[in-house]
Amino acid sequence: MKIGVFVCHCGSNIEATVDTAAVAAASREFPDVVFATDTMYTCSEPGQDEIVAAIKEHNLGGVVVASCTPRMHEQTFRRTVERAGLNRYLFEMANIREHVSWIGKDRESNTNKSVDLVRMATEKLMRNRPLYSKKFDINKRVLVIGGGVAGIQAALDCADGGLEVVMVEKAPTIGGKMAKLDKTFPTVDCSSCILGPRMVDVAQHPNITLYAYSEIEEINGYVGNFEIKVKKKATYVDWDSCTGCGICMEKCPSKKATDTFNEGIGKTTAINIPFPQAIPKKAKIDPDFCTKIQKGKCGVCAKLCPSGCINYEMQDEFVTEKVGAIVTATGFDLFDWSIYGEYGAGRYPDVITSLQYERMLSASGPTGGHIKRPSDGKEPKNVVFIQCVGSRDKSVGRPYCSGFCCMYTAKQAILTKDHLPDSQSYVFYMDIRAIGKLYDEFTRRAMEEYDTKYIRGRVSMIYPQGDRLLVRGADTLMGAQVEVDADLVVLAVGAEAAAGAGELAEKLRISYDSYGFYMEGHPKLKPVETNTAGVYLAGACQGPKDIPSSVGQGSAAAAKVLGLFSKDQLESDPQVSVVDIKRCIGCGKCIQTCPFGAIKEMEFRGMAKADVIETICQGCGICTSTCPQGAVQLQHFTDNQILSEVNALCRF
Amino acid sequence: MKFQEELKDSIRKALPDLDVVLGWCGSFDPLHATPHFIRREEDIDKLEISPLSVHNLATYLPGLRGKKVGIVVKGCDSRSVVELLQENLINREDITIFGFPCTGVVDQAKIKKALGHAGNVRTCDISDSAIVIQTEDKAHSLTLTQMLADKCRTCRYPDAIISDYFVGDKIGEPAPLETDYAALEAFESLSVPERFGYWLKELDRCIRCYACRSACPLCVCRDHCAAESRDPHWLSQENNVRDKVMFQVIHAYHMAGRCTECGECQRACPVDIPVLMLKQKMNREIRDIFQYEAGVDPEATPPLLSFNMEEENITEKEW
Amino acid sequence: MELVKYLKSADLKSWLQELARENRVFAPRNEGDSVIFAPFDPEQEIAIVHPATLPPKKTVFPQSEKLVDFTYSKDPENLSRIMIDGKEVLPEGTAVVFGGRPCDVRGFTMFDRVYLAEKSTDIYYQARRENTTFITLACEKPETTCFCHWVDSGPTDATGSDVLATVVDGGYVLEALSDKGSKLLTSTLLENGESRKDEARKAHEKAAELLQDAPDLSGAPKKVLQVFDTMEFWEEAAAKCLSCGACAYLCPSCYCFNITDETIGMKGTRIRSWDNCMSAQFTMEASGHNPRPTKAHRLRNRVGHKFSYYPDIHDGVISCCGCGRCIKSCPVGTDIREIVLQAIEYEPAVGEEQADEQ
Amino acid sequence: MPVLKGKELRIVGFLCNWCSYGGADTAGVGRFNQPTDLRIIRVPCSGRIDPLFVVKALMNGADGVLVSGCHPRDCHYAEGNFYARRRLEIMQRFLPVLGYEAERFEYTWVSASEGQRWQQVVASFTDQIHKLGPAPKIIGPQAADTLNQMAAAL
């Protein structure tokens, strides 16, 4: 194989700490290398053209690019060599940026290490073989997990694009966090007025199948052909016949159920419809509070239900759906602020979360839109907002900024003044993060038009004084301690990964960061893709996001799915395992360990042999390291390829 | 042996339905036995069971797949049969197993050492407690228990674990003469360079005949062993101690969780390299981590072909 | 030429040490429970009481040897132009092998017919063979596995040896059998051995007396060939064979090899290493087809080669020296004598013969 | 020129593509300084890593080998690291019998987001290997060459 080596300067990113010309010179000494050069930006158009030209001029059979991580540009360069007529797998990368130039400044060591990495890459490349994709049929249905605003957007965009959509929502209604909001920033328009019609669209769209109060039990298969097992949790109400009339809810004698939709402000009935605009508008029983289910007595709802849909014996049900792509829009949860002793750790009823406050502001909320102190129902005069509760705080493991709290706090301060013109709002903040169209103007309005007092500093203590709360904090701009008598304290609680995000990620085979937010394919270039083909991300499951960003990502994910499904067939990744039937002894150890069931036993001249189903094989290589005689080899990562890399590094 | 005639009767009964029955018979001198392939009625008479019946005949089973095979097994041999069944390398319905209560087999290396030389054995009489060997000039009386193979001195499975015919009275669980892995533990107490040097020195004389592998009942790759392959190319063909050590590591690792410590690898070695110790090391670690013993349960899955989400006995490094 | 010397047992090591000044000296020593030929080390005991576990085959025919060292280099003006510089690695220096047995050394005479043939001489073998002197130890008594006298040899047969050493009371009688041998017997440690010659002669006679009658193998070449196509015969003979290579590697007369190149970067070596016909890879073709697919085919070749094909083209000489190592060290006690005798006695079934005629 | 004499030792890393290789990238993006001894071989999954690669590297002259994959339960291929964990653990425990300190080989889990953890792993593993010093090396085809040198070193 005639090999060409291109050592990239990456501007000064690499060249500053690696002598790329020396690396190129050293690689000229390697076996099979017939051309080596250093280039300024290999990934740029002239850089790529240089590769194409070199392939033609030197009749190259393979190319090594020493530059950034292959996770960045492997695809780019594979297309480049393909443009010059080479098979895309006759290409290797040596990562001399992320793994060399960016992690050390010693030019001698870096140059030496780079030479090693290039040697390794050429030795592997010498053993690379052209690989060819196979085409396979795809199922053009899409699963959207999560029915918040991001999921709704993705589902509607896909459905409008002609795809069949299956939406699975954990809660009894779609709408997510946005449905709980009263108004949205910076326009202060009504949240449910924007979202409501979209929710209705989901319910009415002929292409969308909605499973509310359901969870993902199991995911099998691969891009184009996933098989999803959905658990429909028992609602004790037959939703096919429930009309959502609400009589059951009116008459239910058990009124102590937790009102999840209202964030625990007030209680609800054991049988309930979360809120009037719920989609689907169906009742469900909270079995923990239902006297019939708990004690066998009552049965009022069953007696009164006009359509006879109450079933106290209902069990969880499982359905299987086949789809070709998955959009994950599982959103976020609020940080559990009770860890903060200085804010009372939940002991003071008049310290509430921003989302509880939001429900209080909402006309359809438990207080009918009146701001009342939970302790005594009185209207507050002084309202203190504390920002960064569970955000930007290393001590509680949440060093990141949740992004949207500054904005909603400003909005809530404005709304407070609207609701209670005599009130005075105070905001304790660390910094104001108002990056976004009209955002900074909005916070300024809160301060200037609505006279909200912004105090830059942290609150060190809240304690009760009479029927009020004394909020003590620092004003770091004044360099003084401040104390505010508060009637109500609203904590701008930060966002964290949704409960159960990790378990779902395991089922999806996608990765997540240390906080539980899902990892995108590339932080800049693949914001909605994951590293698992056919699985996309939308909304706050990837990281805290405000509504416009979530909606944007929902649309982006939908665009990705529509793009994926624009072809009738997909090309399989040819980096799959292949069995050498001459060597295979049919012991079946590979079959036993394959996580995907991609290896089957077949008969060849009366002997059992392993056989890899190419479209199912995902290319993990567990079979290859399991087979003692090396009869099954993962293409592009064969034993000999890896051994050649080992030998390139360790030569006695 | 007391039950030898009973065994012959059982074989005589079963033979019409079998292509071959594997047993042992006398060999080139009275001190040795050799595997005996009983195909015809008249072959049965040559069958001899004694402490010289050292060979693990299970080694032949995968190669006889498709045939109806009878096999006489010691307790340890039966564990290899179990392991082969477990790995689906032989079919239970094709195998007829003849078990007997085994009181141990000799280690020819120990006898050779005791005699000084074993090239001229004229007669060999084995009683319950002694082996009396007549060479051309001298009669040697050796204590049987001292001549037993190490595996017999620690044996916990003298009776076949599975059998279709069992002749004689089962021994049950005997009190081992020695504790497991004593020699291994002694070796492990040596210094790092001593251990490193030991294998270089011992394996230097390896002639790469691969008898260790060929005699192993679980080395089922046979003609496709990675040792002699260029793809994958793990080893060179050079007479190189590095490759010799590497091969033993390959063998030991491929046996991990499968090896029943029958000792055939070491017994087969024509230059007496103590290669079993490497497998014992693997096995002891497997036992410690997974509480697993190979070849006792045909339904079990070897530990390296399975996993638990939480591994109780694996503590990962903290950085 | 008729040079006879006497060496006191106590002087053996000193003598070998003298020889080691100008030669590489190999002598058998204990390694673990085995006796192997290794470079003589005065610190270690010489193990010559019994025949060695391994014959001294590797002293002339190493387990592996470098044939060629090669280096690739590139034309700096045109990296596509590759030059290869190969250098034969010819063995240098002289060697003395002490303590081989007659059968061990006679084995090399079977190599000679192949590797020193006029039309194609193996220069690597030749270089070692010509520069190696064998001081062979006459056998005093046969072991149960010994059968040198079946194959036209005997316990004191000095064919191929340069000096024959015979154990006598207090020392060794050393008889030079070649010029190379005579040249070794110049040390002042050696006494004139004429007076002890008779003792040696008697020891030789005694060893011969201990031999049992040998069967007549003169018909073996024909008979073994006759059963070539009787696979049933070979399947039974090979039933217990494990198809390892111990027999061939321990055999003083097995001379097959494999050649492989091992390259790292721009440097490589061409290696010749022992190979054996019991290995499946031995005849494996690149297509994956193997003309000797089973151990029966392979064992047939091993026995056939020694007792039929080789004698057929080499004046009737059986290429087995009767040392019996293949029997003694076989993990399953395969006995080549038994197979040859069975082949000689083999009577095809009546039906079979008729079928052949048809 | 695989290592810089006196400055570096030979450390080979096998990293799964999805988590740890990404983690090493993240460390690079974050400019988290690391020692330069380590050379990384990229494989799709820790389950692809035959523990014999580890031994091969050591016997070919590596002074240390580091394997890193996705955290348990986070494997891109669902189960690869579970198999890897068992197999690598066994090999780590086996190494001492061959005469290699168990600490010459470590396996660990680093996710694609854990750039800092990767830096920590590389720094402390490199330090661990430097404390152990160079691993024993086999010199020449015959054992005598190595054994003589080992004896001379004592």
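Per-chain numbering from 1; labels A, B, C and D assigned in written order.
Convention: contacts are C-beta pairs under 8 Å (C-beta built on N, C-alpha and C of every residue); 3 or more make two chains touch, one makes a residue touch a chain.
Everything numeric here is computed off the predicted structure, so don't read it as measured data.
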item	value
Pair exhibiting more inter-chain C-beta contacts, A-C or A-B	A-B
Label of the chain whose CA centroid is most distant from the centroid of subunit C	A
Mean-CA-position distance for subunit C and subunit A (Å)	71
Subunit A-subunit B separation of Cα centroids, rounded to whole Å	55
Gap in Å, rounded to a whole number, between the CA centres of subunit D and subunit A	32
Centre distance in Å when subunit B and subunit D are each reduced to the mean of their C-alpha atoms	35
Where subunit A touches two or more other chains, by residue	582, 593, 626, 639, 643, 647, 651-652
Of all residues in subunit B, the ones touching two or more other chains	204, 222, 234, 238-240, 242
Contacts with 2+ other chains: residues of subunit C	64
Category of the chain touch graph - line, ring, star, complete, other	other
Interchain contacts, given as pairs of chains that touch	A-B, A-C, A-D, B-C, B-D
Contacting residues of subunit C [partner subunit B, same complex]	31-34, 36, 49-51, 53-54, 62-64, 141, 143-145, 236, 239-240, 242-246, 248-250, 258, 260, 262, 271, 273-274, 276, 279-281, 325, 327-329, 331-335
Subunit C - residues contacting subunit A, complex	72, 74, 76, 79-80, 263-266, 288
Footprint of subunit B on subunit D - complex, ascending	51-52, 55-56, 59-60, 72-73, 79, 82-83, 85-87, 89-91, 93-94, 96-101, 106-109, 117, 120-121, 124, 136, 138, 141-144, 146-147, 150, 154
Subunit B residues touching subunit A - in the complex, by the definition given at the top	87-89, 220-222, 224-226, 229, 231-234, 242, 254, 301, 305
Parts of subunit A lying in touch with subunit B, wherever the complex brings them together	582-583, 585, 587-589, 592-593, 626, 628-631, 633, 638-640, 643, 652
